[in-house]
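What follows is a group of structures, each given as structure tokens.
One chain, subunit A, links the two complexes that follow: it is found with subunit B in the first and with subunit C in the second.
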Partner chain A sequence: MTASLGAVGVGFRSGRRMPASIVVCLVLLAVVLLAVLFGPLLFPDATKQDILSSLMPAGSPGHPLGTDELGRDILALTVAGAASALVGPVCVAVGSMLLGILLGTLAGYERGPLDFAISRWTDLLLALPVLLAAIVVSGVFGGGYWTTVALLVLLFSPSDIRIVRAGVLEQSARPYIEAAQMLSLSRWRVMFRHILPNVSSLVITNAMLNVAFALVAFSSLSFLGVGVPPGTADWGRQLTDSRAIMFDNPAAVIVPALLIIVVACAVNLVGDWLGQRMTRSGGLA
Partner chain B sequence: MTGIEVAIDGIAGPAGPMVEALAFAIEPGASLALIGESGSGKTLTAKSLVGLLPPGFGARGVLRVDGREHPLVSTDASWRRVRGREVSLLLQDPFTSLSPVHRCGPQIAWTLEAKAGRRLSKRELDEAVATRLAEVNLPARVARAYPHELSGGMRQRVAIAAAIASDPRLLIADEPTTALDASNQAEILDLLRELQHERGMAMLLISHDLGLVRGRTDEVLVMRHGEVVERGSTATVLSAPEHAYTRALIAADPALALEADHTGDTARGLGHDDGADAGGRAPLVAASGVVKRFGLRTVLDGVDLSIAPGQIAGVVGESGSGKSTLARCIAGLEREDDGTIAFDGRPLAPGRRSRTPEQMQIVFQDPYSSLNPMMSIGAILREALAVGGRRPDEVRALLELVGLPVDAAVKRPAQLSGGQRQRVAIARALAPRPRLLICDESVSALDVQVQAQILDLLGRLRDELDIAILFISHDLAVVRRIADTVTVVWQGRVVEHGTCAQVLDDPAEDYTRLLVAAAHRDSTGRTPVG
Partner chain C sequence: MLAVRVLGTAAILFILSIVVFSMLHLAPGDLVKTLLGTRPASPEAVAAIREQYHLDDPLPVQYLRWLGGVLSGDLGQSIRLQTSVADAIGSRLGLTLALCGLAFAMALVVGIPLGVQSAVRAGGVIDRTGTALGVIGLSAPTFAVGLLLLYVFAYYLPIFPVYGGGRGPLDTLYHLVLPAVTLAAGLGAIVLKLTRTAMLRELDADYVTSARARGIPESRTRRLALRNAAIPIVTGASLLLTFLVGGTVLAETTYALPGLGTLLQDSVLFKDLAVVQALTLLVALVIAVIALLADVAYLVLDPRVRAQGGAA
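On to the complex of A and B.
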């Protein structure tokens, strides 16, 4: 059947405007990003404790969201927590994406023993429960924010490796790759100049999904007390610290919890939409 | 009022009107061919008659089946009463039009219950399916087979059985044989003709190939740019075309033109038969005893082939004969299990590493997947030029050499037509100045007109650049048009080898005769005597 028909249809669809839900998500993410950038200017001493003004309910003068047990302002704490909520997960997603691109491309293109070794390694990592492994390692090595980042990069990489490997396998069989081989191009050029751009939509979609997963994982670890040290501004940490005062100042728990859910959803939706757009306009048929 | 009447006021897409007003009628048991190149609107016309236009497209008009009126603008629910029962659609590609996860039997049976209006017992269904399969000359056991277990020709028969299962009044066949090889094409078309006569079913045959419809349809409608340019009885249109476009289509069709050559005794194709084995010049490529196995299957079983410098060597055979594997072994994309392949007198080890880009390049069948969709044409060609140690500004010269406009360099593959892409693939292959160009079914996916242009281009390149060409094809007419020598391959062995004229005009082997006869019948619609 005529390919031209399909092409016209696709052109018609991709000319469509951005859906409203995506606009809302992007605005939300922009606000969180602004909080990361300008939060420290707005609330320079967000984690300052003031025992005299502890446990004030939401709507109190000077404290629109109230304060917690230690007298920290919930609004200031939540804004300051945006940094830890966004930076870590983005680092995890980007790190595991880079690892995935490197190992996945090698495995998919080179095949043979290298593929076997890399694939068994990913199987091994996939068999580990992410949170449990993170808790154990943090417990043994003393935890800390960047240790958690490094650990999550490792634990998140199998999905990237597998997705890249599958995409590369699929592309490698295509005639344009054989044409590149006929030109005796170096394997690195074939892998990274020819194949990689054609699997990039998969990679980027997966990285966006990983940001959302990592945000939840980070918050869970902080909630369990192994992610960030006590006293740090962090949404997960806020949940665990304010559990006891849930009925004195509900905002102390509801606001960070809601933010975790909303930001994770927004990142997911944007990632999905981006992937669809790239598949439509890009080469992956 | 029996028969099919179609009156389309117009079909419009997101980019504007695509098809002008057109009307036609088909009597029960009669057939009409809709001919045109890709983009002429023939497929849109067909799809509008089953309500399957792509999103963003709309048709106005009416379809009358035995006097029952079906407006073309309609709801999905009312289309469902038309599809299958009044009109069935048979698609081009038997490889994708059947569901890979279902056995063939259920796929034929799907429409039967809807037609009967009640649940049928398993026995009734089995019997009905066996009857349908017998009608398309397939054994009843095919019902239990999955599509991937069948050959292309058999799959298309299953698709036909499914399309006629609910006894439609009109069968629309959209390029039903384009994906098949020559001998299967003829059989499928003859089968369709037979079924039509038996059932008094009208048929609308969509094709880009005028030669194919000769003797197989009653009337022809030639479309171009969404407009009907010529219509009439098939014999009249083919023998005395009125419109210049129809004449161009006939001239571009190697099989039809061939017939004109024979009757008019005019010049032959591009090959110079007399210089066939290029006496005296040592062979550029000499393959001997090449064996290739995939698992337990022996695809090449001791094949010999030699190509002289500057020669166009044709290799013909049906799909599955091993001809492409031979080309890929020579190119180093497959590793032969046994035998030797020598280039310029020096034996080459199996695989790509022992070969240089300056020795040989390949042009593949599918111009859609042989160019990297994420790279611009300029980037693709510059990369290939760099390999040959040539300057990047030679892109312009390269584009001119293959007859592409200079502004093609800034475009992406998706912005070019199939023929243009194939020209880019040829330009890329020529960039390192190879001494051998391997064309693996390089024109099979193209319209006849574009096919003729690419063949002319290859002939011209051979003369200008003095390169040898290994030309793999299932299409005898195409090979005759371009090749100096022909090697016939069947089941992994060379059946016959010689100059184009020797082999194709006076075949010595039974199999070659069969191929030539099938190709001939294909172009004339007659079964040859003897």
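On to the complex of A and C.
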């Protein structure tokens, strides 16, 4: 249980040993990743509807987790949903990280009117809760999976921009930057070769945590009926569709609900742990 | 300093209202078609609708008309419910407020004592349990928690009703217990984390060591520390509110409660723009006001900030 001790900040030993809880989380995430990679091979037609075998309870022959009211096999649907649950959030986190690095570095290093414009832009985006903005925009404008990804990149970017900007501001005042400037290195070289590596640990940690938040946001949107189109294999969508048959085949609700919770927790814990490792060993105090 | 904050907030709200208004009016989908439904679109009917909703005016004129209406208390007409937006919101506000209030109370009652205990015995059993629960509360989406609770406490052990808002105050309260617990899971996790972090820092401070050295009873020392820890907890209120907004929509949808969250969801899916617009800006307004109040509370709670003339 050194993991929780580490989180408390008491008696943390910077040993190389990975805490058991993190190992469990990584194994879980590896299993989900395998489902993303090999799910299509195992269950090529996961969203196939078969009215003849609709609403079979868990444990039925051929359908270990039963079927839903459209006759879709819950096990196949759940495995196929892993792709939607993981790919989108990772894209959102990486996209908003890149946007954050670009705009945050520019704002922090160039200062002046550019900084003002970027900072007010983040203020504006932060005035509305992400989920509310996402519900309204993707609900009213429609659009499918990748539109939602793009929208969430935009809505997630303010936190990245702020973190990078603060880091860059703090680094810019240091002597090594002054030295680099004296050598008349180009602005881009100073920004992205000299400053960026020193703020990267903060950014990567935030990106990891954003994966967890994006997973929650994504599945929430699908649950509300916006985000992914009907008929897609997606855990949030599956929960909406199966809510009505909860009492006929509870597995149709319990399995995806537990999976969302477990995967979100695992990503969060790994992100936290990575953050602690990186800020301890990284250059940033 | 406060005046600047108020002006800044007002400016953000103003710009936001323009953004929301123009965005919703650029959205695909034709209001006329939505209103006519399956009825044949005769030129007269179309013209009448365009006239009634002032669709032929330029966008800035439409915006100013709408803004003028909002400032005089007229939020427009809901095309889906065929009532005024103010009525639609007013009739559902009570339930949402009750739900949020209940969830908030639960989160504070559990989160603060647990946070204090976790900090006092950092690394102990309570702390580790609390941290684990906190991770689940922070990461788990509201609807997933809600559906699991629904299964366990409404179906497996039929203690609570499955869904709906109930009739009469007591029945409503009974119907709100599970949704409130669902919401409180996330809220409580945030409160717990804020409390624990703040208390850990305060218990490390010199005045605590000095109080302990003078033999002041531990319970009084802790009360002193908690009073100082209250500041970051209160300033974290906007964090709670942000969570609460999304969480309420999800919790109400999960339990089919007729509140503002389901109103928003239905209006979004139906493209009932007047309601969506009003609700979005209402939320932005509430968040802005709470953030301002948190700043004021910061002044009230911390004499050091007041002594500096509120420079911070």
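Criterion: the second predicted complex is superposed on the first by the 270 of 285 C-alpha atoms of A that agree within 3 Å, B and C clash if a C-alpha of one lies under 4 Å from a C-alpha of the other, contacts with A are read in each partner's own complex, and residues count from 1 in each chain.
Note that a residue touches a chain if its C-beta (ideal position, glycine included) is under 8 Å from a C-beta of that chain, and two chains touch if they have at least 3 such contacts.
All of these numbers come straight from a predicted model, not from anything done at the bench.
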Query = Which partner does A:P44 contact after superposing on A: first (subunit B), second (subunit C), both, neither?
reply = neither
Inquiry  = Once chain A of both complexes is superposed, is A:P19 in touch with subunit B (first), subunit C (second), both, or neither?
reply    = neither
Query = Is A:V136 touching the first partner subunit B, the second partner subunit C, both, or neither of them?
reply = second
Touching partner for A:P230 - first (subunit B), second (subunit C), both, neither = neither
Request  = Mind working out whether A:G59 is in touch with subunit B, subunit C, both or neither, as first, second, both or neither?
outcome  = neither
Request  = Please work out whether A:I254 is in contact with subunit B alone, subunit C alone, both, or neither, and reply first, second, both or neither.
outcome  = second
Task = Quick one: name whichever of subunit B and subunit C touches more residues of subunit A.
result = C
Message = Using the superposition on chain A as set up above, list the residues of subunit A that contact both subunit B and subunit C.
response = 1, 4-5, 7-9, 11
Key: Partner subunit C, residues of subunit A touching it in the complex   = 1, 4-5, 7-11, 123-124, 127-132, 135-137, 139-142, 212, 216, 219-220, 223-226, 236, 239, 243, 246-247, 250, 253-254, 256-258, 260-261, 264-265, 267-269
Request  = Provide the residue numbers of subunit C that touch subunit A in the complex, in ascending order.
outcome  = 12-13, 15-16, 19-20, 23-24, 27-29, 122-123, 127-128, 131-132, 135-136, 138-145, 147-148, 150-151, 155, 200, 241-243, 245-246, 249-250, 253-254, 264-265, 268-269, 271, 273, 276, 280, 283-284, 287-288
Subunit B contact footprint on subunit A (complex, rising order) = 1-9, 11-13, 174-176, 178-185, 194, 197-198, 282-285
Query = Taking the complex as given, what residues does subunit B use to touch subunit A?
reply = 13-15, 38-39, 43-44, 54-57, 91-93, 174-175, 331, 333, 352, 355-357, 360-362, 364-366, 368-375, 383-384, 387, 414, 418, 425, 428-429, 432
